Amino acid sequence: MRILIANANTTQEITELCAAAARSAASPGTEIVPATPRFGPAVISSRAENIIAGHALLELLAEHAGTVDAVVLAVSHDTALEAARQLMPCPVVGMTEAACFAACLVGARFGLVTFGGIETYRERIGQHGLAGRLAGLVGVEATPQETLADPAGVEVKVLAGIMALVAAGADAVVLGGAALAGMAPRLQGRTPVPLLDGIVCAVRMAEMLVGLGLPKPAAGSMAPPEGRASIGLSEPLAAMLRGR
Amino acid sequence: MRILIANANTTQEITELCAAAARSAASPGTEIVPATPRFGPAVISSRAENIIAGHALLELLAEHAGTVDAVVLAVSHDTALEAARQLMPCPVVGMTEAACFAACLVGARFGLVTFGGIETYRERIGQHGLAGRLAGLVGVEATPQETLADPAGVEVKVLAGIMALVAAGADAVVLGGAALAGMAPRLQGRTPVPLLDGIVCAVRMAEMLVGLGLPKPAAGSMAPPEGRASIGLSEPLAAMLRGR
Amino acid sequence: MRILIANANTTQEITELCAAAARSAASPGTEIVPATPRFGPAVISSRAENIIAGHALLELLAEHAGTVDAVVLAVSHDTALEAARQLMPCPVVGMTEAACFAACLVGARFGLVTFGGIETYRERIGQHGLAGRLAGLVGVEATPQETLADPAGVEVKVLAGIMALVAAGADAVVLGGAALAGMAPRLQGRTPVPLLDGIVCAVRMAEMLVGLGLPKPAAGSMAPPEGRASIGLSEPLAAMLRGR
Amino acid sequence: MRILIANANTTQEITELCAAAARSAASPGTEIVPATPRFGPAVISSRAENIIAGHALLELLAEHAGTVDAVVLAVSHDTALEAARQLMPCPVVGMTEAACFAACLVGARFGLVTFGGIETYRERIGQHGLAGRLAGLVGVEATPQETLADPAGVEVKVLAGIMALVAAGADAVVLGGAALAGMAPRLQGRTPVPLLDGIVCAVRMAEMLVGLGLPKPAAGSMAPPEGRASIGLSEPLAAMLRGR
Amino acid sequence: MRILIANANTTQEITELCAAAARSAASPGTEIVPATPRFGPAVISSRAENIIAGHALLELLAEHAGTVDAVVLAVSHDTALEAARQLMPCPVVGMTEAACFAACLVGARFGLVTFGGIETYRERIGQHGLAGRLAGLVGVEATPQETLADPAGVEVKVLAGIMALVAAGADAVVLGGAALAGMAPRLQGRTPVPLLDGIVCAVRMAEMLVGLGLPKPAAGSMAPPEGRASIGLSEPLAAMLRGR
Amino acid sequence: MRILIANANTTQEITELCAAAARSAASPGTEIVPATPRFGPAVISSRAENIIAGHALLELLAEHAGTVDAVVLAVSHDTALEAARQLMPCPVVGMTEAACFAACLVGARFGLVTFGGIETYRERIGQHGLAGRLAGLVGVEATPQETLADPAGVEVKVLAGIMALVAAGADAVVLGGAALAGMAPRLQGRTPVPLLDGIVCAVRMAEMLVGLGLPKPAAGSMAPPEGRASIGLSEPLAAMLRGR
């Protein structure tokens, strides 16, 4: 099985980090195929960047359509997730989506910790239909840079956020955002509830969906585009809009 | 990996049907362990039966605690799911829960077709927090007996239900209830959206959760019972309430 | 009129406490019939215990079906409420349900104070459809034992919880859980909003429902079971599933 | 116990009809005190009339404050209910509110049948926080006049509405609006679920609340007005705004 | 274009304050017509006063029907808004409604600061259907009197409220209540998000609606009353209920 | 005042159609500046196209930033609306957003008619927070081509959709999608509720927002990007991400 780990940021290092996490999470026999968009923001941290990255991501996916068995969106905003799901002939899973759904399978309500702003995560979880199972969101005030300089200090802040969410009723906590990637194993021993890493959950969810072998929808809002004209797009992407 | 397929009905045939479905869905290396409760309703079809079966199911699970890696509740009402999840040291997945969550990973909104009453399914999906992603429910008027006598006629009714849900906006349709088990492969070719079978989805979800290797919650509403006294329960169940 | 005060815990003392509260609340002419289950947890404080107690409660109710005019569930989790309502030929009222509905009749939003965990109360109130009228929940950190040793100290904590809920917009406060039973009259003088005791409200609600003289539903999700086979259940409960 | 049956319409006949229904529903010892406003619409059937009637109703209530033990609002729109509840020193119950809450105590979801427009009923039930328990609304196309001329024909229409709601999942059906008053006993024998009459439910709910003996809130949004100046109001109403 | 600035309080000073704010906000060519009710509360601050004022307001509007192009309700509770909208042949806008909707057009979620109680504002915003976009409400503890005596001190409190709402995720903040009228320009320079004044927004919204030139609804819940009988109302109001 | 009419489709004719509609709706003194993206789908009708068009739209907006006073998104999907709002220094209004908000100002609940699929409109209205005010959606089965060949026949279908929504409780109906642009005036005379055209409403809303003169948020999720690196973007767009 080949799983595309599609970053929506153009920072190659993030792709590699995510690919490494994906490889460590994947089942034997699963091949991880990392990919980085040709254009777009270095790191998404605003609404505008998220939209731009959505196009870049779809272009990237179009290049790999037919050559992979599933796609994991390696971007904590689940950028362009529904569009990617519609476009691609194979399963597509968002990393935060995957972690939130996994959290729902192990507890009643869950929380999410990230760095910085939490509002767009609140919106995204609402769009996933899971607002009723969200116990709370914590935005840790720490730059990714600080993570490098004082990782122990940052981990203390993240732990405090996790404990606040447990106190608010979370049975599990999602670690959201690239800067928290890889932190789950280090913190798990110090927290009383499961910590969920997006990439790890998404790889396992993608494997599960491939295992289910479901057909591509031919009707409804997830049926692939067909006969759509466009200008100025990459040829693979334009071809997917035209359909077969 | 050993997965317990725990029926909550006392009808052995249903257990065997579900176990067969589970075996065909399981990954190589996954052992399916079927189990049927000692007491309770033959087939759950009322609120009272569902509660009684919940106790019978927990008693059954307690006997297997520590000997299996995951539990699939082979009952479309997701009977006692949250309690089982709290009680057991391993992942527990409900079959309707699993199918609904899988549906959310392949489409925007989903529908559910079952035989007979739909209200308790509506409630259960609401309790799963997925009401916002439910396009509709269809209760096909056909007894399980009719399924045996005129399977083709019943399938036509089920297909009509599926198409009604697609028209209502469903991108995927869950087949709910034991009487629909095994029907998905036969109908899939005639429907434009993916059909989701509860047992199949639950087995795959259980494998995924085992793969994640998450710790048991030690705090919150899913922390296992401890020091709880009881009378008149089976020894394994009483022991689990006492905890270690 | 005979009202069954059905405990779902197997602790006789709680039954007696609740029966006494019920007697003091009942109208002249109402007879209070206390009852304790034959098996199950001493005191429900986990999801698993709640499910087990549900079965024990239904067995208990089946023994009294036809001999009482109404049932009050003397358990703050409203254990197996909907199932009991479906099963029994007479009105059934949960004590927390009753207090929450009464609270809605005297104010715009209400709060709930209990000892310990609040998450399952949040879920239960959501299942009652009253999430939109819930101003908040407070879980006082005090063991039932502490209640005996330092009642005045515990009352101070409860009062603080009540006042926090008033500040959060509660026009009335429900006292939830057996450990708070009987506390309402002692605290009422020191709080600016009505305090609602579950048993008291449930007895009055049950009297009201008996007064309405509504027929038993013959259709829908509350129609009684009929023709349902089972094994290993108490004869009265099995008989109710078989129906007439 | 004295219960004020406060009409918000100025049509005396409706008051008398409601008073008669209230008397037949009341417990022995309960005195029914009918009252009709001094000004306002003959029969409320628009948003504007409902607001005007709210003032008329409050004026009416102010005249009776202190002389009755409870108030039933004999108007299916629950006109000025929250304001009346805040203003009066005794319990106040709306007839549709009462029927909806009673419906929630006997089933999972309920429906409502009325004559004519249903949108303002939908809004009102939403304001009561019960939208999640509403299975549907049916507006029967029949004028009150038609009710007089062809009562049997109208009842057939109402029955059709009830059965449609049962099919939509209603375990109980509220009959809303003065024109349907008194119809419940005649139709009950032909319907498989309980029918709830607003006045009957409200009288019983009012008796229950009087029985609870709850204090008047002294804080929050239901604390009575105090020190409020006004011009041009009836003296009793102005006095209540001034408070003591 | 003539816009009626209809106060629902009987305090002439408030009307004048609002009219002045309206004039400063209005486009060239817009004439502001201030009006104060003949009866009712001096200043609305309870549920009962709000209902009474609703009638007074409708009476006031009826006097101006046909002579103005739009109505702005100069009362922060959006008193009788839906009724006024149904009654009048021209657009009607509530000041808090207008500010909330404008807030939705400039940000994702908004907050509201007012003096005193916030619960009725929470209800009103819920009735506007905007609960999902409300980040929070802050009730500043400061009397209108204090505003006069120590305006700078009060502004500090209001600023603290605004900043708390920004921290809670508000992209814009509505200043609610007459006592905050005119404060927006003074505080705007010290806050990082837009402040929305109800009168200013309502005047602009009213102009916009007049510009759209939409017809009066002839069906549904906003169709004007017709053929409605009443007693004891002002002649213009009774005439509007009778219709043409 | 200069308002940018920014199409998100690359079909010049749609831009011109929208610009014409905008000009006819604009106040005297408002200049309409039409603009079409450099790349992207000819006409958006799938999730993927909508994401791609979002990038194209932002690129287009970046070119005009600072030269216009407001932006109207001339695309019925409100493509990239929140991102555009964050990015631009001036007000940004979506055409469907504007029509829905205007509908809320003239009625209680509204409906939406469009050609083809309705699910993404349902999602968009949910994201606007207006699900509670949506009476229903109708997707007329008629291709844009059919609109040209048999306009009268198509109008009959649209009228049927409108009347179905009125029957479902809509007080106003939004005409969604470019193919319905300009149809409102022709159909208004035959419908009993106001019809809302997206471009017309958006232009008026944009004028209103410019009139309010609100500052650009400097905090929260709508504060403009700053210091964001990117590759491969148009220079104006990259510059806006870098900020000043």
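Every chain is named by a letter (A, B, C, D, E and F) in the order it is written, and numbering of its residues begins at 1.
Note that contacts are C-beta pairs under 8 Å (C-beta built on N, C-alpha and C of every residue); 3 or more make two chains touch, one makes a residue touch a chain.
Composition by chain, UniProt nomenclature: A, B, C, D, E, F = Allantoin racemase.
This is a predicted model, so every value here is computed, not measured.
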Other chains in touch with both chain B (Allantoin racemase) and chain C (Allantoin racemase): A, D
Where chain E (Allantoin racemase) and chain F (Allantoin racemase) overlap in contact partners, by chain label: A, D
Far-end chain from chain C (Allantoin racemase), centres as C-alpha averages: F
Chain D (Allantoin racemase) against chain C (Allantoin racemase), contact positions shared by both copies (same if over half, else different): same
Equivalent-chain rotation between chain E (Allantoin racemase) and chain B (Allantoin racemase), CA atoms, steps of 5 degrees: 180
Selected pair, out of B-D, A-F or E-F, that shares over half of its residue contact pairs with B-C: A-F
Pair with more cross-chain C-beta pairs in contact, given A-F and C-E: A-F
Gap in Å, rounded to a whole number, between the CA centres of chain C (Allantoin racemase) and chain A (Allantoin racemase): 43
Residues of chain A (Allantoin racemase) engaged with two or more neighbouring chains: 82, 85, 108, 119, 123, 132, 169, 220-221
Pairwise touch network: line, ring, star, complete, or other: other
Complete list of chain pairs which touch one another: A-B, A-C, A-E, A-F, B-C, B-D, B-F, C-D, C-E, D-E, D-F, E-F
Residues on chain A (Allantoin racemase) engaged by chain C (Allantoin racemase) in the complex (per definition of touch): 108-109, 132, 169
Contact set on chain C (Allantoin racemase) toward chain B (Allantoin racemase) in their complex: 10, 38-43, 45-52, 54-56, 58, 80, 82-87, 117, 119-120, 123, 127, 220-221, 224-225, 228-233, 237, 240-241
In the complex, chain C (Allantoin racemase) residues that touch chain D (Allantoin racemase): 25, 27, 82, 85, 91, 93, 97, 101-102, 104-108, 128-133, 166, 169-172, 188, 192-194, 196, 200-201, 204-205, 207-209, 211-212, 214-215, 217-223
Complex contacts: residues of chain C (Allantoin racemase) adjacent to chain A (Allantoin racemase): 118-119, 122-123, 126
